[in-house]
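Labels run A, B, C and D following the written order; every chain starts at residue 1.
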Amino acid sequence: MGKKIRMGMVGGGEGAFIGAIHRMAAALDGDIELVAGCFSSSPERGLITGNKLGLSPERVYPSYQQMFLQESKRIASDRVEFIVVVTPNDLHLPVSIAALRAGFHVLSDKPAAATLEGAHELQKEVARTGQLYGLTHTYAAYPLAMQAREMLRRGELGRIRRVSVAYPQGWLALADDSSNSKQASWRTDPARSGESGCFADIGTHAHHLVEFFTGQRITEVCADLQSVVDERALDDDGAALFKLETGGRGTLTASQVCGGEGNNLNISIYGEQGSLFWEQESPNQLQIKRRGHPVAILRAGADCEYLDEKVRARCRTPQGHPEGYIEAFANIYRDFARMIHDRRENLPVDSNNSVGDIEAGVRAMAFVRGALESSRSQSSWVALTPYWE
Amino acid sequence: MGKKIRMGMVGGGEGAFIGAIHRMAAALDGDIELVAGCFSSSPERGLITGNKLGLSPERVYPSYQQMFLQESKRIASDRVEFIVVVTPNDLHLPVSIAALRAGFHVLSDKPAAATLEGAHELQKEVARTGQLYGLTHTYAAYPLAMQAREMLRRGELGRIRRVSVAYPQGWLALADDSSNSKQASWRTDPARSGESGCFADIGTHAHHLVEFFTGQRITEVCADLQSVVDERALDDDGAALFKLETGGRGTLTASQVCGGEGNNLNISIYGEQGSLFWEQESPNQLQIKRRGHPVAILRAGADCEYLDEKVRARCRTPQGHPEGYIEAFANIYRDFARMIHDRRENLPVDSNNSVGDIEAGVRAMAFVRGALESSRSQSSWVALTPYWE
Amino acid sequence: MGKKIRMGMVGGGEGAFIGAIHRMAAALDGDIELVAGCFSSSPERGLITGNKLGLSPERVYPSYQQMFLQESKRIASDRVEFIVVVTPNDLHLPVSIAALRAGFHVLSDKPAAATLEGAHELQKEVARTGQLYGLTHTYAAYPLAMQAREMLRRGELGRIRRVSVAYPQGWLALADDSSNSKQASWRTDPARSGESGCFADIGTHAHHLVEFFTGQRITEVCADLQSVVDERALDDDGAALFKLETGGRGTLTASQVCGGEGNNLNISIYGEQGSLFWEQESPNQLQIKRRGHPVAILRAGADCEYLDEKVRARCRTPQGHPEGYIEAFANIYRDFARMIHDRRENLPVDSNNSVGDIEAGVRAMAFVRGALESSRSQSSWVALTPYWE
Amino acid sequence: MGKKIRMGMVGGGEGAFIGAIHRMAAALDGDIELVAGCFSSSPERGLITGNKLGLSPERVYPSYQQMFLQESKRIASDRVEFIVVVTPNDLHLPVSIAALRAGFHVLSDKPAAATLEGAHELQKEVARTGQLYGLTHTYAAYPLAMQAREMLRRGELGRIRRVSVAYPQGWLALADDSSNSKQASWRTDPARSGESGCFADIGTHAHHLVEFFTGQRITEVCADLQSVVDERALDDDGAALFKLETGGRGTLTASQVCGGEGNNLNISIYGEQGSLFWEQESPNQLQIKRRGHPVAILRAGADCEYLDEKVRARCRTPQGHPEGYIEAFANIYRDFARMIHDRRENLPVDSNNSVGDIEAGVRAMAFVRGALESSRSQSSWVALTPYWE
């Protein structure tokens, strides 16, 4: 793509797992250059991070407001083009809005905002400013997730009847797990995380995966959420029944208190003519069971001719050379960089890719809101459509 | 055990898959002898089956009533000791009651009866007659299912927080699947199958497995059942949220319209200290994920010293020699034969084994009833306790 | 098949693992009846076994010679029709020859004889007497092993280029493992086991599987055998390079000293157009990798339409109901019973089934002999053809 | 580590798969900066690549000789510090020697040289110049490969008895496969690839993995190599028996003509007390079978406390976030960058890491030579020690 896209980062200082992942993902394909950052609420710590990353000190800023102001003043060929937001959830909204208003594109960690209302506000701001906005729903960016979506959209498994998605984690299984790391502490704090814990944090990933795979929206939810570990203010576990817009049904489980589990996101989609199964921990395999046929295991690989062209283009290696989480993340960066490039060059911008859009962000928060409401009202069915219309 | 236990069979004629399985399971360990039968509603066809099985013609009966009457008249050392009931669901109740009243022990295919009321009636009759009664919930009879139960009962994974059980099948995925075999036709016919299709047929297996593994009862259910294939009168697909008696939560999915699926019953149990996973299609592995430890794969095998003694006793071969569905079924037969033997010898009868009891049968039908009621009332939560108390 | 085939057993007393397996396998399908036996070199222990099995005491014999003599005198409709030989290896030959001469068909545990010379002698006796003779190479009797053979014979994977077969076990890993069970003691004793330990015991299974799958003979071998555990007189571990008759190459590993291994027989066959993989511990899956296609997993099941008809006929259950080692063994019994039935009825006898023949037995012993010779002569290549011609 | 290490690349122009992988691996952790390159034998094509990579044109050189000369003249704080060699095999030696003589450290794709003699020459040059030299045996750089090595070195599985390593690929299965890509053409050309094809290309990876895992040297080899596809001048398939220095035995298979295979490198190591299994296509799992214990599956993850500290340090993500081939490659870059950094800072250089050294490179070529000699002499045993002493 020629000249690298210039990125600024908000959040992602020392000890923030996801910041380092974002930087590796951005670096992987050589399309993007990190040129500015505001890495920490502590300017001193931010400078340390910036220095380690080889940034010039004048582009390591003490506040995101300063950053947007100063960067805006730089000449166009030098200033950051997009801001990646990797802060705790409560800052996603204000940082994103400020960045958009300052004329930057935004790539944000999910959720788009800590509340549904915030997501709606952001949706309006994205529309108003016309800047590009993307969400990093990483799991949809694995090549075989896109392959599943393409096959289901073509109807290869017939009408979708049932979906099972589960996202069990174990890292908050004990009360003291919530204090043993930076990530845990804000995720279990309503002031920083929003009105939901587990469902906002990982339930939204599961929700997004269902909509991404099926190409359908979840329209109704019947949920049962709980705080299993005693002192927790937010849900750390829950499950829901749901309905898809064309009538398919499903179950969604999200939990962070499943002792011993890692990051076991998995999805099964059952259609009239066949079923498929994918799990994030073995991302390079997509299992397809067609009526009357042997089970087929599709494998990721740039040389796998049976994969869709757009899927192969998102593999960096031939079959048998495993790619993983960082490469999936890098697919989002590459896709978003392509969108920025095309916007800059006045080319048509194709958003049919691995980048989540603000509408997906709104629907994810609508799902969280609906699940909370359902759970509070004896698991009654709650329609989600009013929330996004 | 010395002299073989004498068995009579009702149902299980030509084309009835499950009858042949029962006979293989009964024959496997050499403890049981099939000596009489009423294999078909057609006496001619029944005789053909009896002849193939090498039964003496006078012990192949035209009706189960005749069979119980005639067998009762034989001397004790010769007459059948227990009746296995492998008819369509609608006959489980009348055959079982008639057999109990005639003084025979009964081993019945599930469900115990086609309705909850029938199950209650049978429960009373079992109590009244004092005969032994067993249900063949086959999946609980795999050695590693029992190992899971023992480990969970000892609290090895800590408090149980969440259970996910799913039973997707595909053999009724299309409308014409219901006419293409003897099994399908009665299962989709309310007159023969009862008030539920899929949930009664396989949802009960999933329900039983949850209670067997956890040693807890499912106390409340919130369900969403449907008839996916157009002309079907009964549910062929559904899912439910549920609660366990000590507060754990779960999801249960049962479907017979998942194109391409075989018999993919699987269960995950998440505890505070660890989680376990077992799937029926790979029954000789039990996966345990303990916090901070490598994943452990327990394997079935008579020589696996880390398995409980009672589990090893239910393996016929050393590790690495796969056992399967027929052997699981045979475990039930062996356990039931042992119970009959001990009863006959006036020894204490131990029912802590793989044989389902009538209470489990009642609870399974209560679960079906509760799920149907919940589904009809907008998936409201329905308590199951009133149904068994 | 109507009337049951009458079986007599030599060997298989208490503590003999394989005797119980044979009896279960013979009982499974209801085609065969055990009517006589000589279960132990100790007549008292033999009677105990016979009694437990419900045999009439006069048909429990103190010696196999007595058994063959007495049974021969019974009327044809009553006397045993075939003898199953489940003794230690050194007795396979004399028992088989005596049985054949007495007019009985023989089904023998492998190896056919403890030495190559013995196998040749037996081959002549089989030819001379015209009786049916079968070897229980169990692993070839799994349905998907037969499926692999059929596909390879049709050339579905193109010309076979390479074969890897490995059979690691761990039960003789320590010196004292050889004294801790009846099975181990004779297997490590040259007087009872023959000139080879591991290669005769399990190397022959691996050899047979290669020939069964490929439909080709192993013609040359280059081997390296050793006795790993100090005091052992016979090989307990080894590996070999080999050549197939059409030029394909392979490796064969057999070891009984691999700590922690169970019964991990596995085979990979690589062809020009694709490769296949099967492992005995997961016998209901056959993995096929075709150039340019997703990996295909064929599954066992009587209802799997993509399997060959003769394969489906060797499945007792539909897909998703696992069958195992005992069912594989039972396939051999069923096939052998069918052969006896057809012989008895003067029908053509089809031996293209799961029963090993005496020629396979000779080639297996030739392989062992060749491997020993090669190993003794610095792993030089040894041609096997002179041994069977 | 503060300031980035400056890298120059020789080879890796358009269409060269491995060049792009090297660049991604070098970029991943932000430790290394690509500042100069000679990407192609065609200066024009080289410039195109350099431009795409954002290099300043004066540091894109028409020949490696020019590059080394010009870069040497730059001031120390600006000139490249190490050269990565990603050319076809025949250039590894001259480029490496020229770079070492010009005062640069060298990181080279394997093999170190196209011939054993070349590897010896290089070994001397490394010793003479005292520059750092590393080989990218990628598969040893997966975290769990290092975990296996550490466990085996501690003797956790007891004495090693047997090793099975296999590396089946399928991309050269057909004659025309060798013309369909840049990679294939030089690999099947003796002038560019050296005296061996498959064994030099991937057999060396398998050899290295055995020595890396076991911490032992392969001392003798008995091999059978062939050119399966007709017109090929070099081996494209082969297998070998081998001996380890402490007496363990093994088999090694390497083939590029296994239709349908991807990159299926796998290794089993059998010890007295237990066995382990690892396969490159599922690199985040290490299977351990200990006598009398459940199978243990160790998983990769920075948070897996049961892993060795040095292994965890080579994971970028917590358990459940798959890492793959590029991350393994990046481990080598990170380790080599650390070595350069420490050398530059006059700190002790620790080479107990994932970087292959020149001695490993010599032994790999000795293995190839020994295998070729053995194969040419009727698979006689060939001692490798004379080749490295």
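We adopt the following convention: contacts are C-beta pairs under 8 Å (C-beta built on N, C-alpha and C of every residue); 3 or more make two chains touch, one makes a residue touch a chain.
Computed from a predicted model, the values in this text were never measured in an experiment.
Novice: A-C versus C-D: which interface comes out with more C-beta contact pairs?
Specialist: C-D
Novice: Of all the other chains, whose mean CA position lies farthest from chain A?
Specialist: C
Novice: Chain B to chain C: how many Å between their CA centres?
Specialist: Chain B and chain C have C-alpha centres separated by 35 Å.
Novice: In whole angstrom, how far does the Cα centroid of chain A sit from the Cα centroid of chain C?
Specialist: 55
Novice: How far is the middle of chain C from the middle of chain D, if each middle is the mean of its Cα atoms, in Å?
Specialist: About 43 Å separates the centre of chain C from that of chain D.
Novice: Specify, in ascending order, the residues of chain B that touch 2 or more different other chains.
Specialist: Residues 261-262, 288, 293, 299 of chain B touch two or more partner chains.
Novice: Which chain B residues qualify as touching chain C in the complex?
Specialist: Touching chain C: residues 2-4, 17, 20-21, 23-24, 27-30, 52-54, 169, 171, 261-264, 280-284, 299, 301, 316-327 of chain B.
Novice: Please name which positions on chain B make contact with chain A in the complex.
Specialist: For this pair, the touching residues of chain B are 157-158, 161-162, 164, 166, 168, 170, 173-174, 222, 224, 226, 228, 237-241, 249-251, 253, 255, 257-262, 268, 270-275, 288-291, 293, 378-381.
Novice: Would you pull the chain C residues touching chain A in the complex into a rising list?
Specialist: Interface residues on the chain C side: 288, 292-299, 305-306.
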